[in-house]
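Next come two complexes, and both contain subunit A; in the first it sits with subunit B, in the second with subunit C.
== the complex of A and B ==
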């Protein structure tokens, strides 16, 4: 087989050596078996198909093979170049963040992309002079707690809606759909008052934040429900015929099969408190002890007009410390994340 | 589609399509509401059935059943379901205690003046004018807290509804138990009953905690804030010093009146919100799809590497990536040669143009859309990759054999397929972008302000949601207006969802992609 033939083969995905007769044989062979079932008129269709195949071969052959090959290589090279440029463009801002965290010169702006003098002082300062270590601890605590509760809630709700066909199922799902259309922040004032009533002594605390993050967890059941819908119902039925209760079925049969969706839910709910600014800023507004802040709130304050000249490089260092573990986590669990994103998109 | 269609000229084709869409649209909306009306009708019929049975059972039941109408659970206790009966009794006792000593007064105060337009609450906290002999100074008299009255009022109302459900259930059960005794059937024991919560009623066990959380921290606050839209709660009527009043639809009227400054601001912000949502959704979606196609193309090497590079922006927390972006775009002194963020400086050195991010509204808006592409394209790239691989390859093969150009293949196969499969995703994204607080707030903070028009906190790039945030945290504490805007955001989202729901449900009937 020559090189050109290989190209043709990938192009048409039919063996090029096979002559027209062979092609006809290939097509007719399985049809002959079904001859009894198929009406005779179908033969004309097969003739038509054969003729078209032959025609297309001819037209493709007529085009210069070298031209095709050139175009293909050219196209791939252009694609490769575009992708390289884009992917570099995509990570440049993050790269800038990293190099700036090693900058020695103070101030918010530097005229050059790379620092003129490199230093580790920003990191040293971050851990010795600022409240950052406490913020980090706070956020970690909140993230772990709300992640546990959220994951439990989401899996429970998703399983119930996916498997148990109880009477109130549709109405509850519709109500949740409607609730989800209001901007989440709208109810914040009332939530603030509620927290004040429930935790009169320390409503501006981490407990409040954990409650706020995990109380609404039930609303984000869609992706997990989409996943449970794809797990065959026959598994449940088999387990129930064997005498297992729904409780056992859920924990012993379904959950062990749901590793990917559990990891996805954990990942999403763990990352959420790190990224949230709006709820923290409302609940923690006017707290005297800035050590109570989470990383996002504290770091946002560093970039305000009065602080930025002094704190910009420290901010970069802190951003690196915050983003690195999350990014690594993401990269390792990318597979599960993609599964969740794709599944959720198609199910809607 | 009619065969005649192919004979039409292009504008005629467009008109035909539009007619078809809107013709269907009207019918779809009508069908939607008709089916809902039917459902509501069936619902009321069921309720009427229940009420009829409720009265009938009272008439037919014996003394114990009749007594159960006043103290629920009485019938249960005497007919074998002791634990269940006691629980019903406790429930009723708890409700009565709650209503008498706490909830009832709030419920009355919350709803008594609702339609007349009066105070929420009765006693206003007075200024220090009551002489206290023990302290030897003037003191305030504690008045009612209007906000808490609304909050507790709704809580009590919902608790009442909740109890009503159990009341009717208990009454029905007690009649059934009487019937059981007559036909000699044994009532279900407590062990079986409780065991059901891990089996037949497992969904109740699963849902109870999540629903309680949702009820307490989403449903009640949301209804409260919806009601706040019909009051005049703001800095001038701050609780607990003052009472606020019911004002009906006044806030809505103010916002919609085109003449006032507020009205003009609202229409501007609404316009930008919709424009932003369209731009942000479609740029991310289409470029994400193109990127996915490029990466998945045969013959491209290092696919995994490229994908990882793009996914990095998703992995980094948004508040980090967006804040650093906003500082890179910062304009410094605002004139040529006055420094600023690194991107501003690079553009200045290359083109001699000073980027006016945060000074000029249009520039800021363009920058925000571009940065949003930086954030959004990797998401849609990931999502599209999976679906692109699912497109039947034979469609492409046959198109190629027929001599279709790559562009034609994209518009005739890839795009329709993708739109078909990802329709729900697109609408979620669209609604998500209407509510996209992070990108706007962290990048421009609402952006430059045109002071002539944009009063009340809203500036050039503020969306409805960031305006909502500013209104409720600003110096005016304009909660009433924030609530009105929240309701309007809901209305917009609901309308768009309804349109797509109708379109996709009409598509669903066709069963699969053609």
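== the complex of A and C ==
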């Protein structure tokens, strides 16, 4: 049983009649002891300690245990209510979209929230009568390719900024930060003409899109750099003394420790091209072959005035299909968002 | 198995912050060197420079006689253990230890063999499959050591490896590392801020403070003969007791009058290493005495005259079991004041209470004296010089019944009772006009330090090799007047270190497309050596052409020849002064508005060329005061 657990238990076993001050003492004392011997890198424990300290601060302020309990219940209730309302507001449109995708009645607008008749025809139609499977394939290809390239770029740039000291480091970081403040679509026209120069015969292609999505990706190195900054530099130094090149250090030592940031970067850089509409819409504008489209561009076509009546429910079904992989990805990988990985790297 | 040599190592950050200042040291094979000092003293930086993790701003680092300044860490054949161990968290213990070997593309069987061997040495065989996370602090520490061992390095570098362990484990690991050093027979360099670790583990200790090396010596010598107040206070627990005060010599008696009111008296023989010039009752000195060298007076104590009586009032008593520490004050009215506070290490049987007035005894042998202003020891193990009061009469220096003919170079007026400094190396035994009685001979690290009784005073001479004389002998001695200083009469020892201001320039070769580099002193141009140029550019880059420099060389390397028209790579000048010391004549030569001293046999007014071999010129950056080549 770790010391943390003991503390937790102490807290639980505290008799109700003991005063708040006693509780505080029991909680804080072992916490301070723990500070001396526990690793600084085990963030979950640090968080736990902070929580405990925060808790003890709160307890100090309270005169009696009853008043404290009342306030806590009241605060929790208010919080829960607000959160519930917010989450309903958040989920309703999504839920509407999902149920509409199972609607049998045609037309864009339905007088009822739930369909009067349920069907899977919309999905069937999606894969048999439309170009959707090709769009889906296109999007997947573009997203996977640019995701791989982007991830590599972002991690490499972030690592370089975190570890390599060179003169232009600060200026470049600042320039990137400032450039990142401008919305991406401001560069639309420029990107369009640059692509025309770069790929004169083939600028309205998936390759163009991959280039557009991955070329500037390194700009968003900030989060990854922040992560690498928390990985002890002595690991790099140890690897350097062990004879490893920067390349080997990055791939053999740092990356295996950076699972969470790699997954984060992959998710982010997958979602961006997967959901993008703006860049596709003008790069692919006027392409005669509808099959070249990505899902967002193709589906948007269905929302045009002359199409919407016919395609709205199909659109909803497509939206569900598009959202599914991302949702699954997030569901399985979200724990990496918060997981600290350097446990045991340094003193503990 | 390697020797290291650090020559004038500097670390400068951003061109101005000096983290390490002129670090010079030779480390022999199989030594266990400890760098110790408070945080921020530059010890870790020095270690990291040796490891190759930090660039060396200026200076020369050799491992086994090979200059390794520009080598990558892996090519220096060193291994390092980090303070936080820096184990790779995602690898098992085995993988951690094998990583370096895998990187070097060793064969699998070799890797296995080496890892298993190291694991056996460190007793971690059973943890090999575990991840670092599942190990305790001490085990991780051993894995870190194992990772270093498998590489079979020439030099082990350890950066505060024990500071993260709890006290008990630290003591255990301390002896384990010492044993490991013994077993591996490798050179160890160990950084710590803990003086106990330093004292117990090191064969030699480097004490550092604010980027400067304070003292390099064996643990015992650091404890017994600290060079300055800092070292004295840093080494040893409890700390040495310090008292401000003055010293006065009256006849054969010397008394230290401490500012707190107490005084410590002794015979002149017992304090003869303290220069007489401090014994005037005016010079502020710091009197230091270790708690071990103070004892509580006891009837059974044997006294051979080497204990000075004093009184102290008890403030706090700490009973430690094996010994008792008494915090007292020499000023009986202020038991708790800082001034006069003294810590006494007493036997555990001593029973005293707060407020008790104790009769204590202070050792007359093991005390320390420092100059209050410079904080440097003035009771050095080897005194720098003999300070005497002498008379000058018609070209003769007389003191204590001795008379020495002064050479014509030392011209001065007659005077009586002037302070004369005779450096220890200026006093030679065996021949000469002086006669002295050898009081005793102290062996200091293989050298013989002679205590010579000359009249009322003690003078010193140092010789290497077998002792030629023994206590009681009457010896002749001579004085080398090139080194003697009589400040009151304007006689200074001749400065044989020449320093010239100059610059570094480049000139395009007329015919071809490369640059020639020159060391400029005024209009004269000297041709630098290639290694010097490399060092200069490694340190300063193109900034060197805008940096004011100092060229430093010894008079002994200079060759003086009559002036020749059109000579290159020389300094041309005019002899402005000749100093004749009898056995040697030194000329002061004006060149390019600056002065150079060199041995020369000609006359004043001669036009001469000075040949200075480029390899013996030390180049110093005047702007930040670092030696760059």
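One rule holds for everything that comes next: the second predicted complex is superposed on the first by the 247 of 348 C-alpha atoms of A that agree within 3 Å, B and C clash if a C-alpha of one lies under 4 Å from a C-alpha of the other, contacts with A are read in each partner's own complex, and residues count from 1 in each chain.
By definition in this document, contacts are C-beta pairs under 8 Å (C-beta built on N, C-alpha and C of every residue); 3 or more make two chains touch, one makes a residue touch a chain.
What you see is a predicted model; the values in this text were computed from it and never measured.
Name the contact category of A:257: first (subunit B only), second (subunit C only), both, or neither.
The second partner, subunit C, only.
If you tally the residues of subunit A touched by each partner, is the higher count for subunit B or for subunit C?
B
Should A:105 be classified as contacting the first partner (subunit B), the second (subunit C), both, or neither?
Once the two structures are laid over each other on A, A:105 reaches no partner at all.
For A:242, using the defined touch cut-off, is the partner it touches subunit B, subunit C, both, or neither? Pick first, second, both or neither.
After superposing on A, A:242 lies in contact with subunit C but is clear of subunit B.
Give one of first, second, both or neither to describe whether A:303 is in contact with subunit B, with subunit C, with both, or with none.
After superposition on chain A, A:303 lies in contact with subunit B alone.
State whether A:234 touches subunit B only (first), subunit C only (second), both chains, or neither.
It touches subunit C, and subunit B stays clear.
Considering only the contact definition stated at the top, list the common interface residues of subunit A for subunit B and subunit C.
248, 341-342, 344-348
Within their complex, state which residues of subunit A touch subunit B.
12-13, 52-53, 56, 59, 72, 75-76, 79-80, 82-83, 86-88, 90-91, 93-94, 96-97, 108-111, 113, 153, 156-157, 159-160, 164, 166, 172, 176, 178-179, 181-191, 193-194, 197, 211-212, 214-219, 245-248, 250, 271, 274-275, 277-278, 281-282, 285, 296, 299-300, 303, 308, 312, 315-316, 319, 322-323, 326-327, 329-331, 334, 337-338, 341-342, 344-348
State the interface residues of subunit A toward subunit C in the complex, per the touch definition above.
Subunit A reaches subunit C through residues 37, 232, 234-235, 237-244, 248, 252-253, 256-257, 341-348.
Considering only the defined contacts, which subunit B positions touch subunit A in the complex?
147-148, 151, 195, 198-200, 202-203, 205-207, 209-211, 213-214, 216-222, 224-225, 228, 291, 294-295, 297, 299-301, 305-306, 308-321, 323-325, 327-328, 330, 332, 339-342, 345-346, 374, 378-379, 382-383, 385-387, 397, 401-403, 421-425, 428, 431, 435, 437-438, 441-442, 464-465, 468-469, 472-473, 479, 482-483, 486-487, 489-490, 493-494, 497
Which subunit C residues qualify as touching subunit A in the complex?
For subunit C paired with subunit A, touching residues are 51-53, 72-74, 78-80, 82-90, 99-100, 103-104, 131-135, 137, 140, 147, 151, 164, 166.
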